[in-house]
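Think of it as A, B, C and D in the order they're written, each chain with its own count starting at 1.
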């Protein structure tokens, strides 16, 4: 019961944050140097047309009124119109969201199932060659730019070894995607039992997912190792050992359960960090997700989609962090709220 | 910010003289001065731990209507279990914590009513020695820097500072070669000596000692205690000793106040309290101290349960939930401090009813 | 009288010796940890390259030679040439200069503003502190790189844009760190002792608090340098920030992406490699410094 | 005299730190008889806690047992494999630590933590374990064992945490319980409760106990025999009564004179000097810089612990045999 009240309280506290986010996204198009209309309309537009458009778009009104209009549109699900694709931004986003979601969740999943055990083993075998290897990989993972990893992987696996498909999106031109249910190809292929499509989509997603998860792996491994080391040195682990509990129990039951708490909190941060990496990976692999869409819009000076993209990612990020906080209160009995 | 030191002011001359040991200060309590050095009246300190939108806030009753006084040259002990509010009273007296209500007079002047600058001047007359000496010394200051910093706040001119610093070191039993060491290069006992030297830089009248020996080794504890007693005689200091170590309190103090859940439940001369404790809590407390004498196998009363939460202190007598001899009235009516002989006061219905 | 006290007027060497003694453990740990020294070495090297770029670069980074297009690494062009026939090594050297200037300015700016905001929020709290923290919350509600993208879009391309944008997204990190350092230092006994001494608030902030909070800030500086390089290069990579033909690590990698599928790896790989090495240097240093600061290692 | 339950022989434990090798325990020997309570007294850094950990073979790197033997019930624990030691810990020898709150796993309920110790060493079902646990909890004076079992460590007081620790330590009815400062950090009234509980458990369950503490008052009231340690070495071994009535070693004498007492009106006299650093022990007798009786011989030659009389021994050249 108390957790519901706590959740509601946290949701209420989100309102000012969301307003702040909307102010910043609103500012994106309104602090552009020069008149936004010259970007929207063609350079040869007549003065009258410009005036008409200005009134039509409400750009002649004071800023706070414009912000009010913007906010009102947002509440009604209107994110503006994308001139490049000639569609409402919301429709474009709906269409591209599954691709991004699929890539991100798969990468995070990979990073967690590889990173956490490696971090644990590194801490347990502290100062052995394995520990040093893990530390090198984790320092390397945060040092190597993600777009560079992608480029090198493409060169080796596609150009040299010819294992991977070309970095050209979610499927080749000749492949037929599965029937759309969720929009995520892997999920849809399984749901429609389309094994051919599943194989192809797995082949295409492998390289971008590995690239992205390599960047997520490093911080996960590092945090797991460090918090594990701390817990292994704690008094209650010493107690558990002094009572003759087996090493396995001590490591997995006492140490890991406590060591995972900081890992859980950091997953939200890692996700926020990787949303930036996501954009870069999508550009490198021409992955038709939100990031690729936003970057293409930027290059075509079409700003409404960028605005929509930034707003959406920020909101998702905020909600993920909220979810992590709630999860934390559930798994850590010490937290009272 | 600071007042310029006047070399010929009476205060300064007294300070200098005390430093150089020119004034022989009387070792016994000066009875002639009628106004106590420090007087605390009805000091109440509540902390809000949790604000609620609906209903009253959750409040810790750290100190409730605490009244006591300290005479010049004497040592008052403040004892009790953890959570009894003894440290809070010490800090409230220095106004390191802003009290909820009450009055604190130093030399007849209410410290709670003065403004910032005057407060700073008044604080210098009352210094504090903390429990954890490692924490109370700035880790980035050498011993020299610590003392110089204190002495410059005590308004010594730069000419005298080094000489004074060395005097201070000598009076707490450290060597001049220790001046350029950092706190982590000292042992706990030495760190506490530095902290005491820093407090002495102000030639204070009152030292509030917050568990000064609790974190020290057994064989070093008595050294520091002894040092404090010597300094008390030399500089005519008054002490408030906050401690849970009753043996030490017995050894060091002239009078003792026993606290339980934010209230004083018994106060009196040390000899009276230890030879004939009146409050059942005091009795158990003294009985609970382990004695290094295997031949003394006396049967002791031990206390059931633990100290209740200070957010919701029990109604009536706060001790009634654990009291071995409670009767009906105890959980209804709050006992007040009743006077016995020799300034001995007890808050217990059992004593009150027999004396009234 | 004075001669009795041998330490009356300490010599400058004595003062330095005493000061170094404070850090003997840190110095020992740095020496014991050769990886940290490697990081430091990389940083020194990269800085030297940045400073002496005009001397070190064998060619003009912008000179177009259509005859030499897309040549692989050779004795003449150690890192090959790009699609306009420009020497990649020279471009990488100039890019080092540009990126280091951007990262250093951005992080310094972020640190300066962040530390002040954090100190104000931490020490005074109250309404000002609350307002500062809520604004930081909003900035941190965005994934950092996405916010940088958004800001870069509205500010337009250019070196200054990247500096401002990267500084902007890093301010909250420094401010929060400073605030939490101050809050934890405030409860310490020596601060209370300073209050007892009648020290003023300003004295306590500048003499006691800040010197005790500054080391974690320095570690964060090293760490932030690596993020700043990454973010600046990534912005240029997606076409915001530094535009071609000016040499910049990220935009150079981007210019080479199209040639990967045809096997011309050197366009992207060398700028990316040099960049990764520079970032590694800062990460290693930050790592080593963090170990030094870890109080658990001290006992 | 029968074979002692535990025999520590010439134990040496070194910690290699970057400042040098710290001799945490430097050649100590003592015995513990069946059913007795032995006090291991010393100041912080004297090596008493490390000795306790060494008996359970729980010295972690950078610490290392470099020499000596620990013989428990006739068998040398030093030769045991990790697996064999696991079967000894908790079921034959167990340990109680100070600072009980940090010694309990914060994310498991107290009941679970107790149960798994019992399940580890006994071939029983979880239901039997929990039944046994409830019985034990009410034996140590916990009013509502079921509610107590469902609590997490942060929900109960320090004294209650220590009771849970004690139950965990004695639930398998070990022959030897090592209590390392079990009452330090607790209030005097709670301290007394815990001490009484430990004494009661010893009598009821026929345990042997080693009580590690710095508090001479605590050992005086609970122990039969006392080993006094100083600077990694044993200074004196004596039955309790003789130790307090007629201390032999200058350190014991100095220590006893230096503590203020609540029961008598005698003024304490402090011991001069400081406890030496573990990295930089004085040569010869480690106590000589603080000793009033020290002579030149003490600075060079290290006195051995030798029997004196009535089963007492001391490590001092000037103690009369």
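One rule holds for everything that comes next: a contact is a pair of C-beta atoms (placed from the backbone, for glycine too) under 8 Å apart; a residue touches a chain by one contact, two chains touch by 3 or more.
Note that the coordinates shown come from a computational prediction; the quantities given were computed from them, not determined experimentally.
Trainee: Select the chain whose centre, defined as the mean of its C-alpha atoms, is least distant from the mean of all protein C-alpha atoms.
Mentor: Chain C is the most central one.
Trainee: Which chains are joined by the largest number of contacting C-beta pairs?
Mentor: A-C
Trainee: So, comparing C-alpha centroids, which chain is the farthest one from subunit B?
Mentor: The chain farthest from subunit B, judged by C-alpha centres, is A.
Trainee: Any idea how many Å lie between the Cα centroids of subunit B and subunit D?
Mentor: Distance between chain centres: 33 Å.
Trainee: Rounded to the nearest whole Å, what is the centre-to-centre distance of subunit A and subunit D, using the mean of the C-alpha atoms as each centre?
Mentor: Comparing mean C-alpha positions, subunit D is 54 Å from subunit A.
Trainee: Between subunit A and subunit B, tell me the centre distance in angstrom, where each centre is the average of that chain's C-alpha atoms.
Mentor: 57
Trainee: Could you tell me the distance, in whole angstrom, between the mean C-alpha positions of subunit B and subunit C?
Mentor: 49
Trainee: Pull out every residue in subunit D that's touching 2 or more other chains.
Mentor: Touching at least two other chains: none.
Trainee: Can you name the residues of subunit C that touch subunit A in the complex?
Mentor: Listed in rising order, the residues are 134-135, 137-138, 141-151, 153-156, 226, 230-231, 233-234, 237-240, 250, 253-254, 256-257, 260-263, 265, 268-269, 272-273, 275-276, 279-280, 283-284, 287, 296.
Trainee: Note which residues of subunit C are touching subunit B in the complex, please.
Mentor: For subunit C paired with subunit B, touching residues are 1, 5-8, 10, 14, 18, 21-22, 188-190, 192-193, 195-200, 203, 207-208, 211-212.
Trainee: Going by the contact rule set out above, which residues of subunit D touch subunit B in the complex?
Mentor: 43-45, 157, 159-160, 187-193, 195-196, 214-221, 240-241, 244-245, 254-256, 258-263, 267-272, 274-275, 277, 290
Trainee: Using the touch definition from the top, list the residues of subunit B that touch subunit C in their complex.
Mentor: 1, 94, 96, 119-121, 123-124, 126-128, 130, 132, 135-140, 142, 144, 149-150, 153-154, 162-163, 166, 176-177, 179-180, 182, 185, 195, 198-199, 202
Trainee: Subunit C touches which residues of subunit A in the complex?
Mentor: Of all residues in subunit A, those touching subunit C are 16-17, 20-21, 23-25, 27-29, 31-33, 139-140, 142-148, 151-152, 154-155, 158-159, 166-167, 230, 233, 272-273, 275-277, 279-280, 283-284, 294-295, 298-299, 303, 306-307, 309-310, 313-314, 317-318.
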